[in-house]
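What follows is one structure encoded as structure tokens, with my remarks underneath.
As written, the chains take the letters A, B and C, and residue 1 is the first residue of each chain.
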Amino acid sequence: MSSVSLKEVGKSYGRVEVLRGINLEIETGELIVFVGPSGCGKSTLLRMIAGLETITAGDLSIDDERMNDVPPAQRGIAMVFQTYALYPHMSVRDNMAFGMKIAKKPKAEIEAAVSKAARILQLEPYLDRLPKALSGGQRQRVAIGRAIVRDPKVFLFDEPLSNLDAALRVATRIEIAHLKESMPDSTMIYVTHDQVEAMTLADRIVVLNGGNIEQVGAPLELYENPRNVFVAQFIGSPAMNLLDATVTATGTQTTVGRADGPAVVVPIASQASDQARPVRLGVRPEDLVLTEAEDALIEAEVDLVEALGETTVLYLKGANGGAGTIAKLPGIHPVKKGTRVRLKADPAKLHLFDEAGISFRHR
Amino acid sequence: MEQLLVALGSMALGVGACALYFWGSNRLLDLVFPARSAHAAANIRRANLIRPWLFLGPAVIILTVYLVYPVLNSIWLSLHGRTGEEFVGLDNYVWLFGDDGFRESIRNNLLWLVVVPAASTFFGLIAAALTDRIAWGNIAKSLIFMPMAISFIGASVIWKFIYDVRAADVEQIGLLNAIVVALGGAPQAWIALPFWNNFFLMVILIWIQTGFAMVILSAALRGIPEETVEAAVLDGANPLQIFLKIKVPQIWGTIAVVWTTITILVLKVFDIVLAMTNGQWGTQVLANFMFDWMFRGLDFGRAATIALVIMALVVPIMIWNIREAQKDA
Amino acid sequence: MEGIAGRKPALIWAVHLSVVLLVVLWTLPTFGLLVSSFRDKDQLSVSGWWTSLTSTERNLVVRAPAPDDKGAQRQEGAFHVITGNVFDGGGAGAVSAFGVSSQDPSAFAVGETAVLKDGERVSVTETGDFRIEADQPMTGKRGQRLFVTVLEPPLFTLDNYRTVLLSEGIGRSFINTLTVTIPATIIPILIAAFAGYALAWMRFPGRTFLVAMVVGLIVVPLQMSLIPLLRLYTDIGIGKSYVGIWLAHTGFGLPLAIYLLRNYIKGLPKEIIESARVDGASDFEIFVKIVLPLSFPALASFAIFQFLWVWNDLLVATVFLGNNEEQLVMTGRLRELLGSRGGNWEILTASAFVSIAVPLAVFFALQRYLVRGLLAGSVK
């Protein structure tokens, strides 16, 4: 059963359209992550689901009930904000109980819900403190606890980890993952601009850009099989290299010729009409390996070496649209700046994108 | 005791009625459009259309009755005779511009407008700059700020005592005359001294307003980025140069705000003149002049005309304020 | 700036001195009033308050008991004597000189003996004891007049306050002022806080216009409103009543109150209010349970402003309240005293101090909030 369903949803502020034609079905019990660059409309979409922004086009349903005009409190959602949004004048206990008190629930029920949430999040020792007497991580846990107490059908998280320092971010991320496991029936929608969070937490990722959905899919599916250049470059770090090329032979395999290197046979199907079409050949930095072969995929001068121990990142001059190719080699390599290196890649790991940026695999 | 109970009772009644309105009207709205029912969504939408006006209602009504209506009514009154019955056209204005009392008031008001904001801001700036540099600055600030809490009429008593004059052959109990006599001068009736007495009255308002200017300017001075001052120190500027060339230029905006705030106050000043001289000895000002025509002259038409002149003087400030506020929003 | 090396100590001393001078200039007037209000009323009227710790020279005129009064005269050996003390009628101090005629009131030093025309001998000691001596029994219905120059020690007393509070009506006015001030402080806050919230966080047509209107109304001189409102009050029969003045003060204080509170409430984190909305709170609940508690600093600073303003107001009270015992407020009383008791400094100083004591106490206790409010209102 679909828990949250968006049909042709759009949002405009006056004449400025910030989201358009969003179609998305979110299954019950799923953890879905909205990811995309800053300003692409992730928060807006989340807040529309929450009922904090009006929906200017399309329909939103939660559990098959149209929700466009239902006030936030009646949508069966709970939201965790980036800034925690704890009520500063209330104790942790009162913060968590506030929603149920407003709904005039019996005292015993409130007490039970609060202590259950506190137990799950290990907040029991802090129940009588004010938010200002808590650390950032604890505050974020209170904010999550407040959501749990509401016992919602859908949890909404808007960049919940952005205000935490790096170490806490990892710890809290793991905690959220555990939380999800312990509540298999809750749907969660999680907004972040951080692809690591997206990759590690998500059942499915929604990549947003400029008010559109670029691709929806499981994390590794997006990694291995990006639908377009934007997704290809957004997922993975450093970003995928794109080499200019032209189709020279079509069929079940495609041959592309390049100005700055040898022709390459890529095991991706193409049509006869693709003949002579300018394309971009995509290769992830971590898929490149050093080689001695004459017909290497790339041969270029090393501009900069970053030796991180675990990996060695080479920045090469030229190619990749002039920006320079990047290679990420496992382990330590004694490569010097200024030397020429040759790199090859497994053809199965190459990607082809047409002029519009769409992957050949997705046509 | 009984007075106290009556007082307490009426206070509770007044405040209670106000609180009851807000609570009751919102309660009523929730009852009419219940948020937990079959039509919850529609109800909440309807309630949300009405609720802002429940919140704003009293404010809008009171602002209209107490400020907007009076402005319009004053314009109407200024075109009518002493009781507001017969229409007299522009007679009141013609009378006003030919009247000696009005000319005197305008002259004095202009003096006040020039001297008081300038002096208060000046002393406030000096006090702010100096007190920020010393350890006991906060105590000093608090004491300089103190007159702010004193009523104009209380301040008038305080200063009347300072300006007190006795016959030349007995001991002076007014501080100012005592000093003058000690320095070999003759005691003066300061508040009856033509022309200069205006300044002796202005001193009172300056005394009150300096603290206000100081508090605000001191906050502005502390808001100046430390780096600009440090850069100037490295450039070899001395403290006075730093103050005049680095700090003051950065707080012009605040100085302007302080200046206009005091200017508005000056236009309304009334209690001091009423209590010290009641406009005698050439100290009349517009606000007191208007009060005179209202209560002693019993001529509402003329009094309203004078009020409109005061209003006209603040309109430019009002427009500027609205512009500034809209820039922020 | 604290850490900058090589600052000149002379400069620092100059700063300290200038601040001392400023502080003295700004506090001396009030201090003089305070000291004077505790001085004996006779001393207050003849010497400056700055001399109040030194003795005051005063000329007394006393009349010795009349010789014809029963028991006034005694026989001591060959002489007939009348004795007494110049301070019998009140006062204290040290006598430095005395005289027997108004032409020369300090003709004799203490210890000397003055011989009158009729042969009576008069002497006065430093402690004020006098002795009139004659060879024959003295006669006369009136006692001898004595002029003495007395050095009085400083006298401090609460009498002035007693007089002012009990018989000059200041006590009553104090209660009247309180009756005006408290509701006239709370009502505008309540109304302004609701309006401020609506203007900050609720969506409705005309919001921008209302905000502009509020800002514009801040500077409308209240003189403008007096006549129209007075006529309105008479027409609808509110007349001169407490309700009338509460509402008037509410009206005059409201624009600034709304402006300050709206700015403050708008500055509260948006997420907190949204979070409450997600929790199911209505606007009324959000306001009462979230916004009101969080706005305490702004509410407090406006409350202090309005309190001081209403407490110290003379104009509005003169216009909208009566001049009778039940309604005369303290500023009005003070003004009346300035007119009727203009020379009685003991009454004026004590009354003035009673009227400024409460605002001063509020000021010193809550200065922090006052400053915060001022800054919120004027620094952009």
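Criterion: contacts are C-beta pairs under 8 Å (C-beta built on N, C-alpha and C of every residue); 3 or more make two chains touch, one makes a residue touch a chain.
The shown structure was predicted, so the numbers you read here are calculated from the model rather than taken from an experiment.
When each chain is reduced to the mean of its CA atoms, the one lying nearest the mean of all protein CA atoms is B. The pair with more inter-chain C-beta contacts, choosing from A-B and A-C, is A-C. In this assembly, the chain whose C-alpha centre lies farthest from chain A is C. We define each chain's centre as the mean of its Cα atoms; on that basis chain B and chain C are separated by 21 Å.
Note: centroid distance chain A to chain B, computed from Cα atoms, is 58 Å. Spacing of chain A relative to chain C, judged by their CA centroids, is 70 angstrom.
Listed for chain A are residues 71, 74, each touching two or more other chains.
For chain B, residues that reach two or more other chains under the stated contact definition are 35. Every residue of chain A that touches chain B in the complex is listed here, in rising order: 69-71, 74.
Interface residues of chain C, counted against chain B in their complex, comprise 1, 4, 11-12, 15-16, 18-19, 22-23, 26-30, 32-33, 36, 44-50, 172, 175-176, 178-179, 182-183, 186-187, 190-192, 194-195, 197-199, 202-204, 208, 210-229, 231-232, 242-243, 246-248, 250-252, 254-255, 258-259, 282-284, 287, 308, 311-315, 331, 334-335, 338, 345, 348-349, 351-352, 355-356, 359-360, 362-364, 367, 370-371, 374-375, 378-380.
Against chain A, the residues of chain B that register as touching in their complex are 35, 40-42, 44-45.
Chain A contributes residues 47, 50-52, 71-74, 77-79, 81-89, 98-99, 102-103, 146, 150 to its touches with chain C in the complex.
Every residue of chain C that touches chain A in the complex is listed here, in rising order: 269, 271-272, 274-281, 285, 289-290, 293-294.
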